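Naming follows writing order (A, B and C), and every chain is counted from residue 1.
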Amino acid sequence: MTLNLSPAMRDQVATPPSQVNAVVAKVVRKTFELKPVLHGVSLTIPTGATVALLGPNGAGKTTFLRILATLARPSAGEVAIDGLDLRRDTQAIRGRIGYLGHQPLLYDELTAEENLLFFARMHGVRDGQTRVGALLERVGLRLKAKDRVRDLSRGQTQRLALARALLHEPTLLLLDEPDAGLDEQGITLLEEILRERAEAGQTTILTTHDLAWGLRVADRAVALVTGRVVYDGPAALTPDEARETFRWRETREGAR
Amino acid sequence: MISFRLSLDQFWAIVVKDWRAELRARQVWVSMGFFALLALVVFNFAFDLRVENKASVGPGALWIAFLFASVLGLGRTLGAELDHGSMDRLLLCPVERQVIYFAKLLGNVVFILIVQAVAIPIFAVIYDVPVLTPGIIPIVALGTLGIAAVGTLFAAVSAQTRAREALAPLLTFPLVIPVVIAAVKATEALVQPVANDAPWLGLLLAFAIIFVSVGALTFQYVVEE
Amino acid sequence: MKTLDQPHTTTAATEKAQRARWLLYGEIALGVGALILMPIAIWAALAYAPTDAVQGDVQRIIYLHVPLAILPYVAFFVVFVASILYLWRRDQRWDTLAYASAEVGVVFTTLMLVTGMLWGQGFWGRPWDWADPRLTTTFILWLIYVSYLLLRFYTGRSESGARMAAVLGIAGFIDVPIVHFAVTWWRSVHPDTNYLVDNGSSALPPAATFALLVSFAAFTLLYVLLTIQVYRSLTLRRAALELRARAEDAAGES
């Protein structure tokens, strides 16, 4: 298995020009208070792919996902989602992406149902009541619908957050460590959802600390190390091969 | 981009959501109301209790009590968002940032008005000052709107700094001094009408219009990342 | 090691160096101008201008006070415009200019208040009079821009801090006329005769006018000079930190 190190515009050549890619990032940089976090990330993710975004802590995975989720602005570079420009068509993009972050992004004082109904209204989801009911059923929280988020367990909260991300049927789903805090039942649910999305041709990008799991559920992998893309290709790697990529960079940096 | 109808619905959704969350949180009502009451009582003892003084000192004490109680309460609707670190929950949604501002503003205004509705009758009794006339309504409404317009904006600002809510009054008070001046003077005029008085109500109106506009236009720059 | 041997690169570098040199000349000119005008202004204020018949020598402080009264508004107007431009263009330089002008503005405002209090002590026998609209308005202005500096302190060098300060810079300046009206109407009964001195126009002999004008010119030059200095200092500090961050980052790479 060859390890590609610098993707650059390799993907653009491989992609048929008529197809609109889910994500096209060009030389995206992000600096927080003068410290660079992303150094010119360029990649293309075709529609329908399930991508595992991998890398050591601090590599910039969360930052990159947040940029895609319109929660952060890139310091430089361009991003296009479904052909829409991140800077110009931000609101339109928000309607098409679903995001699950490190924090559940739910309202503690409201019930599970109230949370989903609120976000359904915010996204202009038609027939919100029905959709919310169906989603609660799907994530196995029907019985907990009237419980306040404050009283839910970590796993239940995570499932509810997942439901919120799926509420408006996003074409691009961004999951930041979705497996964290989920029990076995939750992981099975997550994998089902990933499969359904892949079959429906919807794009998903996820990060995870569980290399083996990530490589198993995804069909593409992108590896970020210290804010740079070091691998972008099929996910048909073994975890050891993937770690090879990271360690190669790590020995260059010295002990990290 | 986002239809007006959707924006309106989003506006109400946020207002209702904030109300529900705040009602369930409960403690802030008590603290705000109690604070306003305490302030009034303390002022009463701090200033001389002779009858003549009450009428002249009363309106000032009332509005200072409102001002401080407002700032305590203004942090809440935004604090609730920021309790978990950020406004991401709302910002993720395809909602115009002005809509968020207006919704938070309305929540704050209603909040403060309720406290005032309780405090004013008490004030009228303690200070023996006849302010319970219809004329007080525009003064209170516009004054509150002005203070809340600035306070909501800078509650959002200060919540993102190292100092958190502590900075909000420091940023808000200097800017709303003219509102306090106008509101106090207008309240005094209610009790003791002055000939050729300055258009205090007009100033309150102008301030409210200007700063609601400034707030709506600049809120997006405060909350974007 | 790259060498600059392409013609266009050399020209660009030379242009940049030339521009920097002209800016330096300009700054030196400003400095020299201020250096010359200041002593003249002081002399004019202390000696050349006639002694006021009513107030005596104490009145001379208005030759400092009056120019100092106008400059804060100039400084904060610059903050206002720079803040708007920063939010529009997102160019770091506008933000730095706003910060620099605010700092210098607060210093000048403080001086204005202090000279006002000195004069008040000398003339009224007490340092402060709330009935003086100009003093009170400026005091509120001082509060607003001190809160601006406070906000800067608590937000550090972050981009969000710059944006928020810009919002305050805009809101603060918009508030100024409102404050002015509120304060002026507040004490509508004005027995002030001391105001005639500040209003100045008709009653002033030419020597006094000269003193005021020279003083105004001197302080304006001083404002521009100081703002440039603070601007440069902020820019350099920022560049140094950026360089260090980049070096740390590169060190992590190789």
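Operating definition for what follows: contacts are C-beta pairs under 8 Å (C-beta built on N, C-alpha and C of every residue); 3 or more make two chains touch, one makes a residue touch a chain.
Here the structure is a predicted model, which is why all the values come from computation and not from measurement.
With chains as nodes and touching pairs as edges, the resulting graph is complete, every pair of chains being joined.
For the pairs B-C and A-C, the larger set of C-beta contacts lies at B-C.
Every chain gets a centre from its CA atoms, and the centre nearest the mean of all protein CA atoms is that of B.
Among the remaining chains, A is positioned farthest from chain C, on the basis of C-alpha centroids.
For the pair chain A and chain B, the distance between mean C-alpha positions equals 40 Å.
Measuring from the averaged C-alpha position of chain B to that of chain C gives a distance of 32 Å. In terms of their C-alpha centroids, the spacing between chain A and chain C amounts to 48 Å.
Contacts with at least two other chains are made by residues 224-225 of chain B.
Shown for chain C are the residues that touch two or more other chains, namely 156. Touching two or more other chains at once is no residue of chain A. Per the touch definition, chain A reaches chain C in the complex via residues 32-36, 39, 226, 252-254, 256.
The part of chain C that touches chain B in the complex is made up of residues 87, 140, 143-144, 147, 150-151, 154-156, 160-161, 163-164, 166-168, 170-172, 174-175, 178-179, 181-183, 185-186, 188. Contacts from chain C toward chain A in the complex involve residues 156-159, 238, 241-242, 245-246, 249, 252-254. Remark: chain B residues 150, 153-154, 157-158, 160-163, 167, 170-171, 173-175, 177-178, 181-182, 185, 196, 198, 200, 203, 206-207, 210-211, 214, 218, 221-222, 224-225 touch chain C in the complex. Interface residues of chain B, counted against chain A in their complex, comprise 1-2, 6, 9-10, 13-14, 17, 20-21, 24-25, 80, 83-86, 88-96, 224-225.
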